[in-house]
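You will see two complexes here that share subunit A, one where it goes with subunit B and one where it goes with subunit C.
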Partner chain A sequence: MSETKRYEPWKDRDMTKVRPYGDTFDDGMIQLSFSIPVPPGEEAAEAARQLVTQMGLHEPAVVHQHDLGEDFTFVVMYAKTKAMIDYTKIKVAKVDSPRMSFYEINEYIKEQIGRKITIIGACTGTDAHTVGIDAIMNMKGYNGEYGLERYPMVEAYNLGAQVENEEMVAKAIELNADAILVSQVVTQKDVHIPNLAQLVELLEAEGLREKLILICGGPRLGHELALELGYDAGFGPGTLAPDVASFVVQELVKRGLK
Partner chain B sequence: MIYRAIQQANARRVAIVGIAKHAGKTTAMNSLISDATAAGRRLGIVSIGVDGERRDAIMGVPKPDVYVPIGALVASAGDVLNTGSAVLSIVESTGYSSTLGDVYLARVERPGTVLLAGVRYAAQVHAVLEKMERLGADLCLVDGAFDRMMAASPELTHGVVLATGAVVAPTVEDVARKSAFFVQRFALPVAEERVGHLLDLAVARGGMVVGCPVGESGWDPVVLERTSSFVANPLTDPMWPGADRARVLAVAGAVTDRLLAMVEGLPRGFVVVLSDTTHFFATQQAWRKFLRRGHQVLVRCPVRVFGLTVNPHSVAGYDLPRHQLAAAVQAAVGAELLVQDVQGEEA
Partner chain C sequence: MSPMSKLYLDPQLIDRARTAASDIADSLQSFILERTTVAVERTVLRLYGLDGVDADYVPLPNVVVDHLKEGGLLEHGAARYVLNAVLQKGLSIQEIGESVAAGTLNLCELPLASDDEIRQKGLELAHASLDLIRANRAKRDDYLSRLGEGPQPYLYVIVATGNIYEDVVQAKAAARQGADIIAVIRSTGQSLIDYVPYGATTEGFGGTYATQENFKVMREALDEVGEEVGRYIRLCNYCSGLCMPEIAAMGAIERLDVMLNDALYGILFRDINMQRTMVDQNFSRMINSFAGVIINTGEDNYLTTADAVEQAPSVLASQFINEQLALRSGLPEEQMGLGHAFEMSPELEDGFLLELSQAQMAREIFPRAPLKYMPPTKHMTGNIFKGHVQDTLFNMVGVMTNQGIQLLGMMTEAIHTPLIHDRHIAIEGAKYVFKNLRNFGEEIEFKRDGKIVARAQDVLTDAAGKLEEIRDIGMLEAISRGMFADVKRTMTGGKGLHGVFMRAEDYWNPFETLLRAELGLEAMAR
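Showing the complex of A and B:
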């Protein structure tokens, strides 16, 4: 009896030509959902299809629409893309140093640095949304991980919201900080960019930049943007205290800032 | 032509600083690279930030490529060293790491595009430039990031090429006005030698020094206890000699609106002296107010401006009239400054 060969194209997939998987392998199918300011109906569906075609997608199909009232419609649809990505050529900025646990980090500080380290954090500029910095700094932490205030070998200072860059630099001098964490959550019109850039410039002018680890974080920040701004790292959504602390302590040792 | 100005000044290290992101720094640098290559210079190229070959990290718009000639030295991170079309060979490690891998010095074996990334702060730039010069580079270009001025510091480079453009404002008049203010910062008057010595002392002590006049033209330096205006008002410092004696405040660090406000109530003619314009953070309003009170802001080291490039295209999706823009910017910054439409020249 001959064995029928199972159809498993993903087994020898070509990583240089990667497309989304919808119903079948390599079909390029994408789900989209959005609201458009037109009343629901056939015209709304056609408007959505035309819009998606203009984006370069093909075979657009509206599978659901919902009346939002006030002549607005929410649309869910599928469409296909012919675009593909060479996964083997992708290089992203990321933290290579291993992530350690709460206990490992404190132990590492004791052994490798031999003193408590000081980390200050704040939401700077006009930003009053402390949810990010609190998740990293607060005693109770977030998602099962203690915040930096709980770390016996870390002196953590959460300066809160709407902290001016000058205030941040003043605290860094006063407390002789080893690391600065800047959180930027609300970033309309990219206000976070000049604000983050100014902090680096102030630190350079005060002669502090090379003496500390400078980190930014927030939903619209990443390591690449951080690098571009002159920060050592930029942590995005989902970051927890050990991610940040592991990077800080290993970077301190690597740069000889003990 | 801006390159000629650099050559005439015998500058070996030049910074490229933009008045805003996407003002045309990379285009300006490419123009300098091409002129310098034609003149047979051995180039060293370093970027503070991320340059070339990739999409902008915020807007997702494509950024211009950086083209490098054969024999040039570049500094970049290991993960992206092979991203461009240029063929590079690693010469040595810089000893710095980044989130894109360890940073290397590499020589261009076959010309093409490169991605420059990984160098982040002044101390690293300084070390990289020294290595490049040791390896034979006789003209080093330092591309700044966003509107960061740090690359222009006289401790790093011998002068600067500024880049402005339509991205700064949607009208010709506003671009000209904002560019003029930016250029003004590079024209801060230079302190005379004896006042400059007060700043040298402040830098040596890493703090602030007050100058009190003695005799005809001498200065009695008083070193303040607090090292930075960020943590204390100089006027409340235990060593503050009093408003009647103090005539100069030399600041090793940054001069901000807050510092100007602290000393602006002193008798007319007070002088704040700082290292150079990269330490000057005052806003236009605070600076003007300070000057109106009869005070002065002086620098120890001037930053030489070789020229200003103008880019009529904005990434926001509009273009300003090319000739009108260049003319308006030239009129606003004054005739002595070389203004060049780099793209227009290439076209």
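Showing the complex of A and C:
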């Protein structure tokens, strides 16, 4: 009986040379789908293959195409990449304070801050989509995690949708807020960027910026963009109340804003 | 559909709920009929054909209504003063609007002609306007008999590029793919502006503005593609917000087929003042009704902010109230697209059973209404592959329970407004499910002591109890207490209250008078 050598390259993978994976280690397999403004047919498939080749991929295969009407064609494709990255050199800005539980956060506030903290939140500007801010703030919360309104040591005010930045600042002053949460769901044509930046300017003009924690969140927001815009943190999809609250309370203590 | 309830719902319990909703609607209706609003008065002028903007892009209906408001005359109704000017000056209504805008005509200072003369002129011109809307309705009927339409559930998709001309391309592509209804999403924020923008628009956020010109552009495109695909393609837009009745009038003039119309939605989710929007809703629904427009109500939204399992009785209660309010605006059941949604958490064991129960219950309680069924949004994650499966289960419930309007879910919900192929994938999936399961609903019965039946009975019982409670305290108080979607709003809070007026003794709205007669509302109690 001959002995087959076990070939298991993933076991000693080289983290300085990482590329996508399908079913054969290091194959560089990528799935793509997009539409092109040409009628369907062999020419459309060839156009799609050439586009993908221009993207630097090889072995492009059009596995499906469909006539969308109005001379548009949808394609589903597979292709491979030779690109690779050095994973050991990756640097990402992210919220690094540890995540605490509902109980731990309330305990932490009692012990470290010694009073209730006030958090206000809203969808600002023209944005009318409250699903994100509601998930974080409303009593019931989301996905099994209570929202901030349920936290005994947090005074939470969800101001709802389409709140102007000026109103947000006025509320922050009126309620002596420790933290402001801004949710932005509508990001078409980057409408959220000037709106988020304007709030920072207004807070700076009122001399409030350093006195509170400023956070933004939404499906197309991340920590890095938030920092660029002058926020203390940004939270993307999948964020729950404890993620936000953990950051707020630890940041308050860290910055001596007790 | 089988005459017997598959859910073994108690007809007496349904009657109890409906009676409570009817009482609630009656007391709201007497509140509504004592008032008018700036939007209602602007609508009267629009129905008389007043259009266009002044040098500062303020729409002429706003210019004239603000002029009368400043003169303290609005509580008598705008029609009287404008028609008086028609008689005194021999100008058309459009010319009167332009003269007021130019500052060369003061309607408040003109001597008044006799009431009889004014009323006669007013009704004559109003009849002519209503004839135009009647002709639009006949044209729709003609298209429907000549081209036909897709079977229910209608496939409803949105376009939201922000540019009306690019919306046209996406809409026509969707029609060719199989869509039955195209909704043009409005720019976020339009519901809170107290005028209707003018002209074709090529910008906006998350959509573009509802303007009369945009309606016209899209209507023409859909008629054209409808002829080509051999199916009438319905057009939908939104008459929610501060301009409800004005947009309803524009929709009637440009032959829209479906319009979102729900005051409660505006109150809860846009913080529009409840007095303002209840009054606006009543007149807007009369116009929708006369124009043959199917309204869509917004109960589905309760489920995006609050828990879908717990809020089920609120959704049903609101459907009952919306039905009764719609009847009081003369809207027949066949035009009531009462809303609900498939919004329970996908983590829930037997969640599908609860969704099926809710949808079947709505079907049985409102048998003639083309129910508007909304797809999962709250629990869509960005995982487009799982999202497509969620939408597939939603489509199954839609076809099994014979929903009227299926608002197709997009796998990219929670990421962006639909790309051209997102819509294609959604339509293809829905067509597959609808065809594959077309008569499945006819083939199945539910276990009498099973979960689906028990759930529907519980929800109906709770909804009836809730309606009786609301009847005791009044609808407006119920909203103040947060009984809908956990959102609390007050009588004097929210946007638009400054545009509400008590009607004077001699208040006159010729379109209301004519529509009440046309819609058979004079035969009702009040």
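Going forward, the second predicted complex is superposed on the first by the 241 of 258 C-alpha atoms of A that agree within 3 Å, B and C clash if a C-alpha of one lies under 4 Å from a C-alpha of the other, contacts with A are read in each partner's own complex, and residues count from 1 in each chain.
One rule holds for everything that comes next: contacts are C-beta pairs under 8 Å (C-beta built on N, C-alpha and C of every residue); 3 or more make two chains touch, one makes a residue touch a chain.
Keep in mind that what you see is a predicted model, and the values were worked out from it rather than measured.
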**Simultaneous placement of subunit C and subunit B on subunit A, clash or fit** = fit
**Prompt:** What is the contact status of A:Lys91 with respect to subunit B (first) and subunit C (second): first, second, both, or neither?
**Reply:** first
**Prompt:** Touch check for A:Gly230: first (subunit B), second (subunit C), both, or neither?
**Reply:** first
**Message:** On the A-aligned overlay, A:Glu210 touches which partner chain: subunit B = first, subunit C = second, or both, or neither?
**Reply:** first
**Request:** Pick one for A:Ser33: touches subunit B only (first), subunit C only (second), both, or neither.
**Result:** second
**Request:** Go through the superposed model and pick first if A:Gly69 touches only subunit B, second if only subunit C, both, or neither.
**Result:** second
**Request:** Using the touch definition from the top, say if A:Thr24 reaches subunit B (first), subunit C (second), both or neither.
**Result:** neither
**Request:** Give the angle at the C-alpha centre of subunit A formed by the C-alpha centres of subunit B and subunit C in the superposed arrangement, rounded to the nearest 10 degrees.
**Result:** 100
**Request:** Please indicate which partner A:Val200 is in contact with in the superposed arrangement: first for subunit B, second for subunit C, both, or neither.
**Result:** first
**Message:** With the superposition applied, I'd like the minimum CA-CA separation between subunit B and subunit C in Å.
**Reply:** 13
**subunit B/subunit C common contact set on subunit A** = 220
**Prompt:** Across the complex, what residues on subunit A touch subunit C?
**Reply:** 33-35, 66, 68-70, 72, 74, 126-131, 134, 138-140, 143, 160-162, 186-189, 191, 219-220, 237-238
**Prompt:** If you look only at subunit B, which of its residues touch subunit A in the complex?
**Reply:** 21, 48-50, 54, 57-58, 79-80, 83, 97-101, 117-118, 120-124, 145-150, 153, 206, 227-228, 230-231, 252-254, 256, 258, 278-279, 281
**Prompt:** What residues of subunit C sit close enough to touch subunit A in their complex?
**Reply:** 160, 162, 169, 172-177, 187-189, 191-192, 205-206, 269-271, 304-307, 345, 347, 377-378, 381-382, 414-417, 419-421, 424, 428, 486
**Message:** Under the definition above, what is the set of subunit A residues touching subunit B in their complex?
**Reply:** 91, 93-96, 166, 169-170, 173-174, 190, 193-194, 197-198, 200-202, 204-207, 209-210, 220, 222-233, 254
